[in-house]
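The structure's right below; bear with me while I get my questions together.
Residue numbering begins at 1 within each chain, and the chains themselves are lettered A, B, C and D in the order written.
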Amino acid sequence: MPLKPRRIEVVLETLLESIALAEEIGVSVAAAAGFDEDDQYKIGLAVHEGVMNAFQYGNQQQRERKIHVLFELFSEKMVIHVADQGTGFRLEDVPDPRTDENMLGDSGRGVLLMRTFMDEFDVQVVQGGGGEVIMAKRYRAQNNSQAM
Amino acid sequence: MPLKPRRIEVVLETLLESIALAEEIGVSVAAAAGFDEDDQYKIGLAVHEGVMNAFQYGNQQQRERKIHVLFELFSEKMVIHVADQGTGFRLEDVPDPRTDENMLGDSGRGVLLMRTFMDEFDVQVVQGGGGEVIMAKRYRAQNNSQAM
Amino acid sequence: MSLKATSREIGGVTVIDLDGRITLGDGGALLRDLIREKVNSGHKMLLLNLAGVNYIDSTGLGELVSGYRLVKAQNGELKLLNLTKRISELLQITKLYPVFEIHNDEVKAVASFSQ
Amino acid sequence: MSLKATSREIGGVTVIDLDGRITLGDGGALLRDLIREKVNSGHKMLLLNLAGVNYIDSTGLGELVSGYRLVKAQNGELKLLNLTKRISELLQITKLYPVFEIHNDEVKAVASFSQ
């Protein structure tokens, strides 16, 4: 059923506070979409990590650059886009933090958490430049995807 | 101190669910701005009423029309704009629901609640048409307006 | 998030226990239908227990008023029980507080109905 | 929302009770400073009690790892106590679970330090 997704767009400034705020909005949208508490947490953390990277790497903490978060609620899954005004990055260039050499490094775990907590994860360069991560979480069988 | 406000923009479709969602986002933003629980509730209800009117009267329940909610956090107050793609309305035309004739009517209490719960309230027609309510809540003296 | 409603009969009075939010959509519609159904089936002494209701929007206030009018038109009575602080405040702001008969004690509220 | 940290000394071991979120900003920085301060003042046997921590982001995980490295480099030990389900899951996903010595019993955890 090619249902038109329900869309919620959020535009945030590049501020530290935008990370927790986007996370909370993500949790609200996930709850409204019928995800259970555990999935709400996972979706919230994925949004947190995506927006944190947009803040740090993409927009390099330049406040006037925008962070766009788009939630699309399809009948079978929720899709989240986090786009920044940086130069983007390629997934192949992100080292796996679980290897022996990287294990004790301070960083590199954000992408891993997003990939693990969401069912789909991809990185793109948006039109006109800017990095974008696109991730999706499917409704579990017992969930009521009609809730919202 | 003419501080640049922190801005959070939210764009929603004209759907029933957008009302509660905007309200929840409003509560999150208010919490992040340092408002106490009572003020968070009042701000949330004001957003709820504003978006409900945009949904019903402004956008006349036409899904593809957008509802724009903008939160601006100034150093002394939080300003909220709720804009729709309708034809707007004038505050003078809204009857007072507290008069004897209107008392037992089903409607007309949304604007009254927004006015009462917020410190400032105004209605405008946005550029290119569309109704917009603009409301503000000041931080109380004991609030920590630096929280966000 | 939405509204739950259950009703009980006590000495000719129908007590409707409400729990949740009364807003545009589910909650408001449920309350409206329930009041109508009660009145249509001859139950005209209604006591709405709002102890579990902490949130009503302007639409929900409208439902309370139209319920009140409907019951009154049928020579019945609709009263409110156990207002939370927030609901009490909303009724005061909208000047609906004096319109309704409001109780804090269920036994006394039930006894107050003229039967 | 943010992190609260208090520390106690038990038989030569510094127990740091953490409560809140360990994320980029306040929480992460607080933890980093606290560990550094403890190590600099000669307290190298650290037990982080995470019972009150239900949320750590990738930056917070990074702080745990760099705390661990710092303490180890000074010939000390940093161990974890009382992981919540979510934190345990995060350590497993990132393969940090085997890196840390993890305890559920404070008395046994304190006793486990080589002194």
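Observations on the structure shown:
Going forward, contacts are C-beta pairs under 8 Å (C-beta built on N, C-alpha and C of every residue); 3 or more make two chains touch, one makes a residue touch a chain.
Quick caveat, the model's predicted, so the values are computed rather than measured.
Chain grouping by touching, computed with chain A excluded: B, C | D.
Most remote from chain B, judged by the distance between CA-atom centroids, is D.
If you average the Cα atoms of chain B and of chain D, the two centres end up 44 Å apart.
The distance from the centre of chain A to the centre of chain B, each centre being the mean of the chain's C-alpha atoms, comes to 27 Å. Not a single residue in chain C touches at least two other chains. Among the residues of chain B, those touching two or more other chains are numbered 20.
Every pair of chains that touch is listed here: A-B, A-D, B-C.
If you check the complex, the residues on chain B that touch chain A are 6-13, 15, 17-18, 20-21, 24-25, 28-29, 32, 148.
Chain D meets chain A in the complex at residues 1, 23-25, 55, 57-59, 61-63, 65-66, 68-69, 86, 90, 93-96, 99.
Touching chain C in their complex are the following residues of chain B: 16, 19-20, 41, 45, 48-49, 52, 97-98, 103-110, 112-113, 116.
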